[in-house]
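Okay, handing you the structure first.
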Amino acid sequence: MPGTVTVREVMEAHRTPSPLDRDLLERCITECSECAGTCTSCADASLAEPDILELVRCIRLCLDCGDMCIATGRILTRQTTPDPGVLRAAVEACATACRVSGDECERHAAHHEHCRLCAESCRRCEEACDALAAAIG
Amino acid sequence: MPGTVTVREVMEAHRTPSPLDRDLLERCITECSECAGTCTSCADASLAEPDILELVRCIRLCLDCGDMCIATGRILTRQTTPDPGVLRAAVEACATACRVSGDECERHAAHHEHCRLCAESCRRCEEACDALAAAIG
Amino acid sequence: MPGTVTVREVMEAHRTPSPLDRDLLERCITECSECAGTCTSCADASLAEPDILELVRCIRLCLDCGDMCIATGRILTRQTTPDPGVLRAAVEACATACRVSGDECERHAAHHEHCRLCAESCRRCEEACDALAAAIG
Amino acid sequence: MPGTVTVREVMEAHRTPSPLDRDLLERCITECSECAGTCTSCADASLAEPDILELVRCIRLCLDCGDMCIATGRILTRQTTPDPGVLRAAVEACATACRVSGDECERHAAHHEHCRLCAESCRRCEEACDALAAAIG
């Protein structure tokens, strides 16, 4: 996947790169981008299921999580004059959205492969946000 | 402005409206929408200023704040099976983004009317987020 | 609604305001912001309806329209070195999304007040986009 | 990059996958996601350059392109009851935004590595959008 490599490369070409641990930061940006995609896709796949009535909370929470992942990924990508408080607030809110969405998707993992995969993606993003939050201090 | 009236009307047509205080919720959604717009506009207006080098941090923080306001406004607009933890995390992150962006815009308020107005908008959104966070408990 | 008044005020404080007709531009930005909200709210209200299986296409199209309205509203709000081709492409895509979403909501207007209101909002946004596209030339 | 693999996997778990050519669709979604990231990063890196006054148009167009890529990537990711007219309008608008942003970044490629990389990313996304638009017919 050349895509994310390029995002990293563009970030590395920044005149004043972020002082945050590079691996933790890149991992979090990558996971936010992935989780935004899997949540959008899982909400959409759930819309097409015959048991949609069982999936309403899953759809709603995936929409929330997708929105928060987009915002957080963008905020983390910016390296010019970052504000640690804003970064921390964003990754903490994103970790919460991922945790709640992942919990709900997990409940449907046995019946819906898209929920199983989305739960995995939410967990990875939650962990990446938690790790970055700890690094921000 | 017929626009926001209609958003409120659509929300009132929801079969299971949010249990949150209606005025606090609507105010917060309105302020998130406004602040998303004023931050986008202030970042853009700052790009056109001759003293842009003084406004770099303002631009960056307004971009962050605009992104967080969009995500938070969408999450608050959804009333189906809301998760209080996700709502609280979002409004708290948004309040932080608004506070930091408002502080920076305030520093330029004497020289740039767009910063003065945007600082006001950030304050109103911050207060609306704080009030809603308190109501979520 | 003080909100959008402030967005307009911030835009008016821009050093080099857009050469586009101010009323058409402001109307389009206002309608994009409203339609983004009503589509988010209508998709969400539809999720809570017992006849959700009849509303799946409505939900999907409202999600699409909400995303396009957000992007278009932001692009229109920026007045620094605008590119007419990008502005035109955005408002044309937005008009299409609004038309299709409005048509679908219209089909459910008799049974769901949120669809009736959202259809109205989509129409207004479609018209505002068409009018602005014509002005861009 | 495990991320996009998972997005593809979630999309493949959809009960009624898109009738569009799978490779063209996945490529376009991947490129929209990447280009959204590179444009956010390039606009941010440009903010930190001493010759920022030369980069104002680049920043503005990258912000536009990033917004359009986010909206288009989300719309393309949804496979439930897609509307071909909306898909086509989105990818056409995205191709336009990528072309204009890529042209501007190209002008600064010799002096700024982030612009060179972002121009490449914009080109790839533009081509992916054009190819998908042709497939939609």
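Should a chain be cited, it is by its letter among A, B, C and D, assigned in written order, with residues numbered from 1 in that chain.
Assume a contact is a pair of C-beta atoms (placed from the backbone, for glycine too) under 8 Å apart; a residue touches a chain by one contact, two chains touch by 3 or more.
Not measured: the values here are computed from a predicted model.
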item	value
Greatest separation from chain A - chain, by CA centre	C
Chain pair showing more contacts of the two, A-D and C-D	A-D
Centre-to-centre distance between chain D and chain B (centres being mean Cα positions), rounded to whole Å	27
Centre distance in Å when chain C and chain D are each reduced to the mean of their C-alpha atoms	21
Residue numbers of chain D (touch at least two other chains)	44, 47-48, 56, 60, 63, 70, 74, 78, 80
In the complex, chain D residues that touch chain A	1-7, 9-11, 13-16, 29-31, 33-34, 37-38, 40-42, 44-45, 47-49, 66, 70, 73-74, 77-80, 112-114, 117-118, 120-121, 124
Footprint of chain D on chain B - complex, ascending	44, 47-48, 52-53, 56, 59-60, 63
Chain B - residues contacting chain A, complex	56-57, 60-61, 63-64, 67-68, 70-71, 74-75, 78, 80-83, 85-86, 89-90, 92-93, 96-97, 100
